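When the chains are written out, they are named A, B and C in that same order, and each has its own residue count from 1.
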Amino acid sequence: MANILDLHPDRLLPAEPATRLIARQLYDSVASLPIVSPHGHTDPAWFAKNEAFGDATDLLLKPDHYIFRMLYSQGIPLEALGIGDSLADPREAWRLFASHYHLFRGTPSRMWLDWVFAAVFGMKVQFGAATSDLYYDSITESLASEAFRPRALFDRFGIEVIATTEGPLDTLDHHAAIRAENRKAGGWQGKVITAYRPDAVIDPEFEGFTANLGRLSDLTGEDCFTWSGYLAAHRQRRAVFAEMGATSSDHGHATPRTANLRPDEAASLFAKIVSGMFDMHDAELFRAQMLTEMAGMSVDDGLVMQIHPGSFRNHNASLFARFGRDKGADIPMRTEFVANLKPLLDRFGNDPRLSIILFTLDESVYARELAPLAGHYPCLKLGPAWWFHDSPEGMRRFRHMTTETAGFYNTVGFNDDTRAFLSIPARHDVARRIDCGFLAQLVVEHRLADWEAAELARDLTYNLVKTAYRL
Amino acid sequence: MANILDLHPDRLLPAEPATRLIARQLYDSVASLPIVSPHGHTDPAWFAKNEAFGDATDLLLKPDHYIFRMLYSQGIPLEALGIGDSLADPREAWRLFASHYHLFRGTPSRMWLDWVFAAVFGMKVQFGAATSDLYYDSITESLASEAFRPRALFDRFGIEVIATTEGPLDTLDHHAAIRAENRKAGGWQGKVITAYRPDAVIDPEFEGFTANLGRLSDLTGEDCFTWSGYLAAHRQRRAVFAEMGATSSDHGHATPRTANLRPDEAASLFAKIVSGMFDMHDAELFRAQMLTEMAGMSVDDGLVMQIHPGSFRNHNASLFARFGRDKGADIPMRTEFVANLKPLLDRFGNDPRLSIILFTLDESVYARELAPLAGHYPCLKLGPAWWFHDSPEGMRRFRHMTTETAGFYNTVGFNDDTRAFLSIPARHDVARRIDCGFLAQLVVEHRLADWEAAELARDLTYNLVKTAYRL
Amino acid sequence: MANILDLHPDRLLPAEPATRLIARQLYDSVASLPIVSPHGHTDPAWFAKNEAFGDATDLLLKPDHYIFRMLYSQGIPLEALGIGDSLADPREAWRLFASHYHLFRGTPSRMWLDWVFAAVFGMKVQFGAATSDLYYDSITESLASEAFRPRALFDRFGIEVIATTEGPLDTLDHHAAIRAENRKAGGWQGKVITAYRPDAVIDPEFEGFTANLGRLSDLTGEDCFTWSGYLAAHRQRRAVFAEMGATSSDHGHATPRTANLRPDEAASLFAKIVSGMFDMHDAELFRAQMLTEMAGMSVDDGLVMQIHPGSFRNHNASLFARFGRDKGADIPMRTEFVANLKPLLDRFGNDPRLSIILFTLDESVYARELAPLAGHYPCLKLGPAWWFHDSPEGMRRFRHMTTETAGFYNTVGFNDDTRAFLSIPARHDVARRIDCGFLAQLVVEHRLADWEAAELARDLTYNLVKTAYRL
């Protein structure tokens, strides 16, 4: 007989009874606060079109690189999971997943999935080889019903606002459609905003960079092969994004290097870049300069700037050649912030209009670099534990290593940062539980009064994110 | 109504009841041991002159860069706090501090300040906007009384000995005055010693370096623009410092790089440095060579050598231009010890007369580099968790990451390293509580016998520091 | 009176009672599983000849660099311990050790030693100055008896299989003798296998490298001064090692750098290396290329490849000159895997026949680099916490920092990696206790079902190591 699937009400709370009691009270006070999701990768088309999601494999397995990277690491070919243009039978792919579910023990994916299975789909028994078909059929059947369409789930999840992420070349039609729906009498009221992610037109090493500049020129009427036209095009697109609700930009560079070139130097560098006659150092310098340019635009238009550095993208060359980006082969690298950010900070670091949220995949910088920087510069705040570190232990390390130097108020609440829409409440729930557990530890060690912890629980869950992202 | 200010007797002890009980017993056995403060930045003039400290803002806010960096990070201009030549009203500055006291939740500053408020000034309600004036007036009034003069507080705090830090150009008049007082019949008996911190005449990139060499020449009668005269001047000043009680030198280089040049190479390098025609690599090499020279002098005169590397000083250029040094804008950097220390260790590493205490702002080196080095070389010991890491979590990480490889006996007890005189007992108290909590964990996990933990509690609090600093 | 020596049944289990209860149940279910020791440095001669071990100092003090590095760090000369060609009296050396046993408080050596004293030798009182001679005499007397011969202890320890480590120049005579014994009617049945550790013929900077190539030529009949002969010799020796049970190779390079040169480039580089006219960059590139060559051979012959990078060997130059290798002066260095492994992974990373086990002395790479790499590449697995980190806290950090990204099933169980034969059960016992404590935490936080934890306890103790090492 299959084992019962059980979401214990005290999951993730500290084991020590007095601490758990305090943590539970704190958690109860924030558990049902609305979800504010200021950074993520859901598809605005879901909310614009409100079509049904498809089958279990389509929705939960094939798009989730957390899942298939783990299966791949244990020798399961991506083709067998239906990734890429594979024609694998979805039920068979799902069975492979089910029969290897033990691989996820101790991982956050396991916690998120169990929540989705139990809380979204009402499954009562644990997932595994014996229950694979039961799961596949139940989930696929549910997904066909009205109650599991994107807008219904959005409302059910208590999402107050969600941001998606688009590039400057995106015409934001889905966002426009959602806004039209919002304005319609009796229309759906879900708030979906965009965010400005210009990597594809900033990184000279991005696939199709030159073609992208051509498309940006077409879209904006600016000549994006001149420095002034290129900058004007950014300004124009940022304004368009802001009209579609954007309050932030996002930058996924390999390093957080910044530069502060003189205008003529920057123009010369740009000319070299668009000529195609540049080397990797030129490309890195250009990205660096563009972070500073983006900061300057943020000073003017108020978009909060997010920097997500430190991922070695597409590390597995042959997998990339066969399957393309985002296939679980992005690997974190050592990241340096203190010297890298200085040029930008020298220029704008004390400007009260600027707000930059820093993320890292290199936890060794939490206490050494990020907390001291955010604990000094008015423009810097710390984003939450990110990606591989968006996990119970990762979040604990984040709080343990940043709080004493940066405090709580130089952090910005939680980001789910996901395209796995159904897991969003589970992810926020993990963050709330871990934060309440951390606060409870401070209370039980008499480092914080209980009323302060209660105030902080609400701040970390709801208030900080709204302020930091200007929502 | 304001909330009660309460210093719970079990604060910072582990939550688990059996562990807390053991920790409390250990703590009780060391709580009232004398304070030995072998490294810090109190002003010897306080003890020489014994004048009253001024108002609450003057004493507690304006000199404490831990506090104003946090306020600055949240957008409060330093001018509003009376920093620099600002004429801000001290009561208004204090109100700003009070109304932002929530920023310090979870930080060690909060713990130290609450102790100062409660234990030194007898405040009964929590600090905040509503109690700002009450605090300002009470503290300012207390500070005017005899009982709050420096010597009275020194005695009340149970300080057995405290070291200040002076540069070679300091004539140590205050120290001489204190010693004269000590010798007077019925004179104050407080023991205040100096330490030799020669950065300003060793670092070619220090502001005023050349002028400093001139002053060092005047002071010593040596020609400090020749290599031999320069070295002789150091020897002379070290001897003078030793007469004023110094048992240690201190070196605040950006990196722990050392060099072991031949004498003629060192002399050539020095000639280049004093010519002013040097680049940053020459400067770094000179600092590196001087660490080895200082080690050589330590072998002869017995001063214990402290190395405090890894701070990027004055990171915020415009703030430095307006307000100068030590304004909360020093940011830690990644630091490498294994290759950097080798030249010095190749020369002196096995000499039983040498003792070097290593500090770091880069916790990633605790387990990887520092503990293995200190667990092998007879001349190396580990200083306690420093600066940003002088905090409950920082101290826990220090013990967790160094003990298994270096043991306890290659560490040197606690340093308060502060100019915030009133917080010194609070800082030592935090260290004692955290150490006792760590020992209690070892006992409850049956890794240490209870009698050993009791011996260690006393060693970590009192014996190791006296031995390591040759006090 | 001396204190009782007591091995508490709950040692190393979490303090919190509910967690401890679960941990104890898990531990009880795996405590008596056989020991599988897939990587270590015991001497096959012990099992081939089965001679008595000598006195207490000979067996427990003189070969254990964990012990004498700590004594040396506190000023005890190696000569006084009988290291090198010192003629120190073994009883006096033992007394020095005994009178400094407090130095080991909080270290894993202390835990292992206490286990050896209590469980192997039946000592009832704690080790120290007062009991030094009692210990020396008891242990030395025991060692003279049949029950303390190597094979008897091997059987008593419940060792199912143990791997030693030999270089390609080793003729494996002891292994042959053990196999002959195994085959004898009524012969000893202990399973002792070798592992292929070719550093001395791969690292051009190894002492005697050129002479080693000559010996390798003699041994194999290949001309090891030609690239093709050199590779053929490796293939031949690997096959011989496999006949003596080897299922793995082991590589102790300073860095995990790999290269993927064209065959002609590799041949040219090798020619340069054997000419002796190479610099340190050539040497590093050659080691890098050889890791990839070894991976290629593993694809063919199935030996699992272990990489143990990041140790700065023989850091203390004068100690090395006097006493040679392995004297406690190997210091970990910062280590980079993401870029360094890419050339090898580009060539073989997706080959299902290849298995590489990665170790590190740089814990900052656990969560940042190693777990993401092992959580994606089919050929990569994570070795357990190694050397300085083979300790309770080190193992906890390993699980806390790798599990959420790599899961449990990309790890390979425990390695004792020791030449201290008597401590092997103690080391495995520590690993079992820490793993069960970690699993118990997951259960009590409701992140894992109890039946899953029970399955995992057995997997981490027994199943994973057998699969990963192909035993």
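By our rule, a contact is a pair of C-beta atoms (placed from the backbone, for glycine too) under 8 Å apart; a residue touches a chain by one contact, two chains touch by 3 or more.
None of these values were measured; they are calculated from a predicted model.
Peer 1: Same or different, please, for the chain A to chain C contact, judged on whether over half of the interface numbers appear on both copies.
Peer 2: different
Peer 1: Using only Cα atoms, superpose chain A on chain B and state the rotation angle in degrees, rounded to the nearest 5.
Peer 2: To bring chain A onto chain B, one rotates by 120 degrees.
Peer 1: What whole-Å value do you get for the distance between chain A and chain C if each is reduced to the mean of its CA atoms?
Peer 2: Chain centroid spacing, chain A to chain C, equals 40 Å.
Peer 1: Residue numbers in chain B touching 2 or more other chains?
Peer 2: Counting only residues that touch two or more other chains, chain B contributes 14, 16, 364.
Peer 1: Could you list, by residue number, the parts of chain C that touch chain B in their complex?
Peer 2: By the definition above, chain C touches chain B via 3, 6, 8, 10-17, 69-70, 72-75, 102-108, 110-111, 126, 312, 315-319, 328-334, 361-364, 388-389, 391-394.
Peer 1: Spell out the part of chain A that touches chain B in their complex, as residue ranges.
Peer 2: 14, 16, 18-19, 336, 338-339, 342, 345-346, 349-350, 352, 364, 367-369, 371-378, 380, 400-401, 403-410, 441-442, 444-449, 451-452, 455-456
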